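One chain, subunit A, links the two complexes that follow: it is found with subunit B in the first and with subunit C in the second.
Coming up: the complex of A and B.
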């Protein structure tokens, strides 16, 4: 399912004293089966962008197109939003607001049930999804509100996995997860990507973006100001130095400041970095 | 003197499920402590116990020379500022300005002075342009900045940060860290307890407590904790990046074990190249 966003503008509280321009003309196209990240500073507009992808926010102007679903400011055209949500699952930045049922399993089963899956099967899907995010049976009957921060995030993620959408959108999925949890969730997403799903992340973890994503959009003040493969983006940023970069490139930057210029273009991971350093020492 | 002294503390949300299980530790005044541990290990529960938001089933908490009990709870709360894991749980007022001011109002601060403090801290966290906005209508990272400002402004003796910068961009994280370092320079007796999943952050503290299943499975000075990296790894923690680089170099026969930080390492490395 390709995504097409054209000249998207979004204003919170339009025509009120609280008026806030959040998006000022955003354009992008995401093909089927991409693994994409939106990165950028606090308040740049990342969460606002992705909340448009399942119609949680409706454009103030411009257009969001997901496959055949079109969202515009013309409300009459937006009637298929609930269908759209079968195809696009979004995990919010604060998972709390996504949890509402009395038990963890009911919470996760809510999505599939909502999309006309029978009760039994929905529960089965819920259990599978919960296990896959590292929550065992002892969590199934607990209240989602009485969990730790990281556990809540896992439940919220399980909630969209259970819907089996074609496009998974996750806002800071690893914030608050322990390091094994991060690896777990990321390899899960990678597996879904291998299964022909589209994965869209918002993340501040540049190492993770560098490792998993194949395309990156840099958002600044409600606009996309840079895009490309992680390396293209990080290496070009490296020269300017205003955006944070993965640790391997940061290390290159420190060396460069001391006059040691590595061939950054052929460095993709720690091993590449170490090999170049060792080679230089031996020379 | 200890800022925090905990003895045999136990807490159960539900009968017989111990979220905190008989833990003891002492934190000397002026320490910078990190609490690390897996999801659900009990970190946030511990933070809430220290602030008297949850009442322990058994054990004792002492803040400076005050034992946490009904009589002392108010005095203790005035000494501790806590930034919660979810900033929304912290917001009470309808504007950022009032929200930062809220805690100060409870501390009988002169209103002119108060205004000054609020603006000062809003500036320090880069949110002075948002004073009239409603906290719930901010981005995730902006919310965290406001929550932090509200607590730092109180000028408490003990600050507890529960993953307070988890949604900030790396630059923002560093800005907040610098802000706290500066506050500590101005007031060396400030005690900081930072709950975090970021090993790079934990690496910068001088004492580390590791929780698992409500128990302290290890605690010690920075040096003791980070001298046994294999053990840390086994416990499920990553290795700080510059140490990983040092380990890789050692594999090739280059020993940089005396380098204490990344800049030091880069410096020495450059001398070889």
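Coming up: the complex of A and C.
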């Protein structure tokens, strides 16, 4: 399902004293089966963009098109929002706060049930989703509130996965997790991506973005100010919006300052960096 | 919260905003007493109500309250008005001496007086409510709490925990917007899971509300635990004497407004008590109007 966003504007609290322009003309196109990240400073409008993708926010002006679904400021045309939500699953920041059922499996099955899936089938889907996030049968009947933070987050993500969306949107999925938890979630997303799903991510962790994403959008003051592959964005241009760059590129930069110039364009990950350094030492 | 409802604090820099919270509370009470001073002639009461309305509108303009949201607020009270009318018209009143509206049977009739009474009470309720909402729209909730604490200070003599209560109120007020935000966040998260909060039958709606309320409660408990830990970590002790960051101060404005309000209220009270049966129309124009 391709996503097409044209000249998207969004204003919070329009016509009130709290008026705030959140988005000022955002354009982008995301093809099928991409792994995309939106990065930018806090308050730059990333989360606002994301909430348009499944109709939680309606554009003030402009157009959001997901496959055949079109969202515009004209409210009467936006009838199929609940269908859209079946195809675009949004996982919010700290999703563990959305858990409410008595058992883990019921909570995960809540989503499919809302989309008119039968009870048995919903439970089946819930079990599949839970297994795919690495929670085995022993968790199914437990209360979601007695799990650890990382486990809760996985249950919450499973709650969206069980709906079987084609596009998975996540707002800071790794916030507040330890490095092992982060890697676990990201490898999970990688797996979803290999299963032909589109993954859209908002993140502040540039290392993870660099490692996993194919394409990066830099958002600043409600506009996309920069885009490209992670390497292009992090290496070639100066980064707007006070973002830090991934550690490996930062390390390269430090080396360069000390007079050791590596071929930065052929470095994509830690292994490349190590190999280049080893070669240098051998010489 | 996509619309600003009447009575929500909006930070303007008006005369009314700058008044001290304590004087505003006092004025509110005085003006409410004034509104409820009775006059026996109905046309007089009506004329005074009109005068109060004009004053109210002036006050609203002074304090930058939106007239539109005020009207919306009144319209949303139609049910109360209906209720009042039904009660006042159909409950028999032996003292009625006014024009007959409809004679049901020999010993049961309804009178125009009921309509008038219901309308008059409704008018006074609107006035009272609007005044209160102007107070909340122009005063920071925290300042209101401090003002209430100030008024309750004498109760300290009987060991009433004034400070603790004030702290509880101010914390509760402080967390209203936080919980609104939280509720909105959870609603969005559940909407992403296919919950429709506006449509569906009773059972579905109940389920939708449960999916909102349980997470909200859990986060409220967590937040209160965190807050109490944080307060304790910074040495908060409800029984010790504390200084204040924000001090309430009376200004010259408060004095002038006090003189105006007390004169007005005093005059109306004098009229009502000493000349309760005055007929303003007769007094000014020399014409008798009435049933």
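By definition in this document, the second predicted complex is superposed on the first by the 246 of 283 C-alpha atoms of A that agree within 3 Å, B and C clash if a C-alpha of one lies under 4 Å from a C-alpha of the other, contacts with A are read in each partner's own complex, and residues count from 1 in each chain.
Just so we're on the same page, a residue touches a chain if its C-beta (ideal position, glycine included) is under 8 Å from a C-beta of that chain, and two chains touch if they have at least 3 such contacts.
All values reported here derive from a predicted model rather than from experimental measurement.
Three-chain overlay on subunit A, with subunit B and subunit C in a clash. Applying the stated contact rule after C-alpha superposition, one finds that A:175 touches subunit B and leaves subunit C untouched. In the superposition on chain A, no contact is made by A:37 with either subunit B or subunit C. Applying the stated contact rule after C-alpha superposition, one finds that A:233 touches neither subunit B nor subunit C.
Of the two partner chains placed by superposition, only subunit C is touched by A:51; subunit B is not. With both structures placed on the common chain, the touch criterion links A:90 to subunit C but leaves subunit B unconnected. One of subunit B and subunit C touches more residues of subunit A, and that partner is B.
Legend: residue contacts after superposition of the two complexes on their common chain; A:218 is shown touching neither subunit B nor subunit C. Within the three-chain superposition, the subunit B stretch that clashes with subunit C turns out to be 76-84, the only such case among 76-84, 166-174 or 220-228. Residues 13, 18 of subunit A lie in contact with subunit B in one complex and with subunit C in the other.
Subunit A makes touch with subunit C in their complex at residues 13, 16-18, 51, 54, 56, 82, 85-86, 89-92, 95, 97-100, 110-111, 113-115, 145, 159-160, 163.
Within the complex formed with subunit A, the residues of subunit C that make contact are 1-4, 10-12, 182, 185-186, 188-196, 210-211, 214-215, 218-219.
Partner subunit A is touched in their complex by these residues of subunit B: 13, 37-40, 43-44, 85-86, 88, 133-134, 137-142, 145, 163, 166-172, 197, 199, 236-238, 241, 244-245, 248-249, 252, 254, 262-263, 266-267, 269-270, 272-273. The touching residues of subunit A, counted against subunit B in their complex, run 12-13, 18, 20, 40-43, 47, 93-94, 96, 146-151, 154, 171-172, 175-181, 204, 206, 244, 247, 251, 254-255, 258-260, 270, 273-274, 277-278, 280-281, 283.
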